[in-house]
Amino acid sequence: MQQEQSIAFKTGMLSICLFILLGLLYLPPESVAQQESSVPPGTAIPDSIQLKPPIHIEVKDTPDDAGGSVTIRWEEQPVLENAVIQKYRILRASVENSVPGEFIFVGEATNRATVFSDGSTDDDSTYVYKVEAVYELKVDDTTVVTTTVQSSVSDEVSSSAQWFNFQRINVFVGVVLLSFFILYYIYQAQSGKKLFIRKIAGLEAVDEAVGRATEMGKKIFYIPGTQDMDNVQTIAGVTILGRVAEIAAQYDTWLEVPVSRSLVLVTAKEIVKEAYSKVGRPDAFREDQVHYLTDDQFGYAAGIDGMVVRERPATIFYMGAFYAESLILAETGNSIGAIQISGTAMPSQLPFFVAACDYTLIGEELFAASAYLSREPKLLGSLKGQDVGKALILISLLVGTILETFHIWQFSSLFKVIGE
Amino acid sequence: MSSTTRIRELAVVILILVISVIVYIGKIQGWNNGLMFSPAVSLTVVIVIFLLLLYILLRTLQGHLIGRRTVFLFVGLAVVLPFFMTLTLKFRVSPEVQQLYDALSELQPGSKVLVSFDYDPPSAPELQPMAVAFLRYCLSHDLKVIIIGLWPQGPQQANLALEDALKSKEVAAKKPEYGVDYVNLGFQVGNEFVIQRMGTDFKSMFPKDYSGTVYDDLPLVRNVKNFSNIDYSFNLSAGYPGTQEWVQVAVDRYGLKMGAGNTAVQAPMMYTYLNAGQLVGLLGGMNGAAEFELVTNEIGKGTKFMLSQSFAHMIVIAFIIIGNVAYFKSGRKKKL
Amino acid sequence: MEHVAVWIAAFLTLGIISFLYKDNPWYKLSEAIFVGISAGYWFVVLFWDNIYGKFWVGVFPPDVVDEAGNFVSHGVPDYALIVGAVLGVLMLARLLPGVGWISRWPLAFIVGCTSGLYLMNYFSSNIMRQVQGTIIPLFGIGYGASVYEIIGNIVIVGGTFAGLVYFFFSKEHRGAFGATAKVGIWVIMITFGASFGYTVMSRMSLLIGRIDFLFGDWLGLIK
Amino acid sequence: MRREIPLLITAITGIVFVLQYFIPHAPFNKMNTWFSDWFSIVGAFAIWLGALNLLKISFQKIMDKKSDWFFALVIIISFFVITIIGFAEGQGFREPGTTFSWLYDYVYSPLSATMFAILAFFVASASYRAFRARNFEATLLLLSAFFVMLGRVPVGDIITGFLPQQYQLSQVASWIMTFPQTAGQRAIMIGIALGLVSTSLRIILGIERSHLGGGD
């Protein structure tokens, strides 16, 4: 006990000494505030204008970051009659390395700002800061001069990196909760528990659509979107492709998959091949069933258009991420009278699919589709987990709106993503 | 196909080409100075189109349906003819455009505005007028503009827009200087990863500007480390990567204050971000551009094209009505 | 040359437009040029920007020079980039018989990156922030909202709620739940309508842009 | 091994990207940088596969003398023309004045812009043929499209000029966009995000692996 106190005392004394020493080093003898002015010779600054330096300079390590940054705050300056603040300049000196009293300019902030973050610090160094207000003085009606006033030197500060971003703790809790529900229900489903999934209109029609192509002796086109494998919608699209390919293989109907990305080409080929083997018809698979057109959005659309008009498929599937080409594709397909089943999570393209296709999977239904078609426990389970997440959101909406409407508690702050 | 149709089609193509050549020669020789209808002719054209639509409606009521090509023809007419008309239309500024303008006018002179050009020439008709109007406003109000692009063609579009903006009298009076008042940092690959890394360090993503000047040699950006040194940002977006990625990364992770100009296709989705405060201000499509031109008092291409835009909308609505008339007439069964 | 350029552009523009009449050789020619040129365009762009600009320049950085061009220091090579190139080359293993399976590694890498990134981005921006934005005091802060705003607030909260109910998959849409889901699909349909309207707007603008080119830049008929 | 290593790669990269959201400290910030660089490089290599496939198919068409063999030849020629020029011109291939940028401005640009623009015609024809007041839902869609289309252009206010200002079409359109439209978009957006999050989670944990080819 005794020893601890003495250490504390020593440290205290040491830091006071250090502080005084630093003060001697950095405070210029004249005063706390210096006036440096760029006054043209002959014009004097009227005595009536008392310029005040920025006060209450607070410096601290920018929280929740990877280091290398210090945040500087100061108090807003009082408004003066003939002097307008133009901007603030931020000055910095390193305690260890620089020549005493030498401050370097690190950046500037606009005249109403009271905070600046200096992102060019070194985590191993200690710094002090000064804030310089740049004033525009109106001497008389014609003369305006610029002058600056510096604040006193700030406390010492050094930047550091943090191991956890506490501003994001709510996101962390949310992700963990949602992941838990999804994994829990996947586990449940895999251990044999029956999970109910409501009917999804578009998917009931898949068999019928493939069947029609078989009857008519025509092709089926499957378009897995125009985005790359890095898009989760494309992944959902190729998953559904697997099921469609199985059905097509069973019916012995020609399925053609023109794609616009090389990675999709690679994946789709594997998936279709696998589907054909799965139903015992590996010999029926042909390499050129899945082929690449071009990476370009409209080059691709133009290519498909031509193919659709010339080859007149009986059924066309559009499952994945689409942009503007959705309309060209769906409208051309519609014009040759093909049955069209579409699904995308691109809100801006949904209206066209809704209008021009026979069935459309809206948004989340696309992701549900692979679960619905395959009836695989892992997919059904995660769908159920998503629903629990949705239920929590709905409850939050209800409870939160009531609490906020009657000003009981600001519930929405629970969902705040960044500190402002 | 019969050979007579083929000959007829070929004749039409040749005719179009011949007329084009004549008009083009006229343009070079100087006797073709453009076409302009007088108000009386404009009005007549409008009435004739209206009567034709009425005739189509009547035919539809009698059970004769029109084909795709007729629809195409009318859309073409509705877009082309207004170019030659001398009519002016008044319109009003919508709240989200006003919000963008307010956010801009609150900025102090010297504020740094980051503008990301995430589009290519095909979307330029919608976004270029916005870009020009926005840059013009910034440069004439002492806002410092930092341009980047996440699409390879973005910075080129930015240069075109700058060229136009610098022509304006207000801007020219300010004599903006490259490197001090505005910079074009060029394109960088990596989509949203670029945004994410700009969150910690601009310079690592844009070591040089568009013309090869080193980052630290540009006074405007020398002390711009990351988003915390940016006062407002504006994203011109035609797809991916675009406003959604900027909101997800720059706004929600780094607290950037941002407004957006979007193609009208994307705009509806952005209203959710607008409503949640993730976006401050939104220009949607050409009419967003026109409204921004109105609120900043500078007529540009957005306003100029509004007449064609109005006509095109009317035609689409007319055909929806005709289509529905046909549908109800046929006892709601017939699939066209 | 300028005349040739504008004529080529116009020729190709008309070629694509001619598809509106019907599929024809002019269109097919324009289409073929487009497919070839666009594939080649991205091929070149990705080579120079990513393989050269990112990888090569990163591993073999040029020397740092000052404004006058004098040598300052050697660039710092980033050897970590080699891993990327190795993954890229593995991708091409697909072309070789027998070792094609190895191209799954880079694919796995790409899918992993985007899954991780999407998971967090969508969770924070499109779930958390949207829920936050939907929870609002219906009568405004301090009960100061106008009737217009109150109705609007109720529509936003109620509409989002009902819309989400529609997306429930593990519960049959019956009774009060079914009724809410029904309202949900109505709200979604209004959304689609608005979205449709905006898309019409967008497409017409683009056509206006092309017409401006044909009749303005090319034929000089528009003042 | 053929299956385990890819699953491990996906899991590690995915988890790193999730963790770096919460952990600002090194090495997580650095990993993010590496991964994003590697990502761009892999993407650039991947296009070789696509380009070679396109060439292969086009060559086959010519060899088999299929009906459209001439256009397949055009595809090959135009691909090589722009590629050779692009490579020959070096890193500055995009700068104004190069042949590559000429091709871009006068061939690629008009073609892609026109492809975009003819959507205007398709959108009109789709409206004419597909937008039917089939049922209540479709009618809602139609009405909302109707108000927005008219309200967003000057014509709307001219037609409803006789009404008080707050009931004119531009105001109605604004109301639809700001309130019900936003609500619907938000519901769709949250739903999609939930789907994305759960798919991503399954992918990272190796539960979903169809993208690596085949089912289980």
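In order of appearance the chains are A, B, C and D, and numbering begins at 1 in each one.
Here is the rule we use: a contact is a pair of C-beta atoms (placed from the backbone, for glycine too) under 8 Å apart; a residue touches a chain by one contact, two chains touch by 3 or more.
Treat the numbers as computed from the prediction; the structure is a model and nothing was measured.
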Inset, instruction - Name, by label, each chain that touches both members of the pair chain B and chain C. - result: A, D
Legend entry - Maximum inter-chain contact count - chain pair: C-D
Inset, instruction - Indicate, using Cα centroids, the chain positioned nearest the centre of all protein chains shown. - result: C
Inset, instruction - For chain A and chain C, let me know how many angstrom lie between their CA-based centres, rounded off. - result: 14
Inset, instruction - Could you give the separation in Å between the centres of chain C and chain D, each centre being the mean of its C-alpha atoms? - result: 4
Legend entry - Distance between chain centroids, defined by C-alpha means - chain B, chain D (Å): 18
Legend entry - Chain centre separation in whole Å, for chain B relative to chain A (CA means): 25
Inset, instruction - At least two other chains touched by the same residue of chain B: list those residues. - result: 68, 72, 75, 79, 122-124, 152, 189, 200, 252-253, 265, 268-269, 272, 275, 285, 287, 309, 312-313, 316
Legend entry - Junction residues of chain A - those touching two or more other chains: 65-66, 168, 171, 175, 178, 228-230, 232, 235, 263, 266-267, 293-296, 298-299, 302, 324, 327, 347-348, 350-352, 354-355, 362-364, 368, 383, 386, 390, 393, 417
Legend entry - Shared interface positions of chain C, touching two or more other chains: 10, 16, 19-20, 28, 31, 34-35, 38-39, 41-42, 45, 49-50, 53-54, 94, 107, 110-111, 113-115, 117-120, 122-127, 129-134, 156-157, 160, 164, 167, 188, 191-196, 198-201, 203-204, 206-207, 209-210
Inset, instruction - Treating touching as the only link between chains, describe the layout with one word: line, ring, star, complete or other. - result: complete
Legend entry - Residue ranges of chain C in contact with chain D within the complex: 5-6, 8-10, 12-13, 16-17, 19-20, 28-55, 58, 78, 80-81, 83-85, 87-89, 91-92, 94-95, 101, 104-120, 122-124, 126-127, 130-131, 133-134, 151-152, 155-160, 162-164, 166-167, 184-201, 203-204, 206-207, 209-210, 213
Inset, instruction - Would you mind writing out the residues of chain C in touch with chain A in their complex? - result: 16, 19, 23, 28, 31, 34-35, 38-39, 41-42, 94, 103, 107, 110-111, 113-115, 118-120, 123-125, 127-129, 131-139, 141-142, 157, 160-161, 164-165, 167-173, 188, 191-193, 195-196, 198-199
Inset, instruction - Over in the complex, which chain A residues touch chain D? Could you list them? - result: 64-67, 161-165, 168, 171-172, 175, 178-179, 182-183, 186, 228-230, 232, 235-236, 238-239, 242, 261-263, 265-267, 270-271, 273-274, 278, 288, 291-299, 301-302, 324, 327-328, 330-332, 334, 345, 347, 350-352, 354-356, 362-364, 366-368, 378-379, 382-383, 385-386, 389-390, 393
Inset, instruction - Give every residue of chain A touching chain B within the complex, in rising order. - result: 65-66, 68-69, 86-87, 105-108, 110-112, 116-120, 227, 298, 323-324, 335, 347-348, 417-420
Inset, instruction - Report the residues of chain D in contact with chain B in the complex, numbered from low to high. - result: 21, 29, 32-33, 36-37, 39-40, 94, 96, 109, 112-113, 115-116, 120-121, 123-125, 127-129, 131-134, 142, 145-146, 149-150, 152-155, 157-158, 170, 174, 177-178, 181-182, 185-186, 189
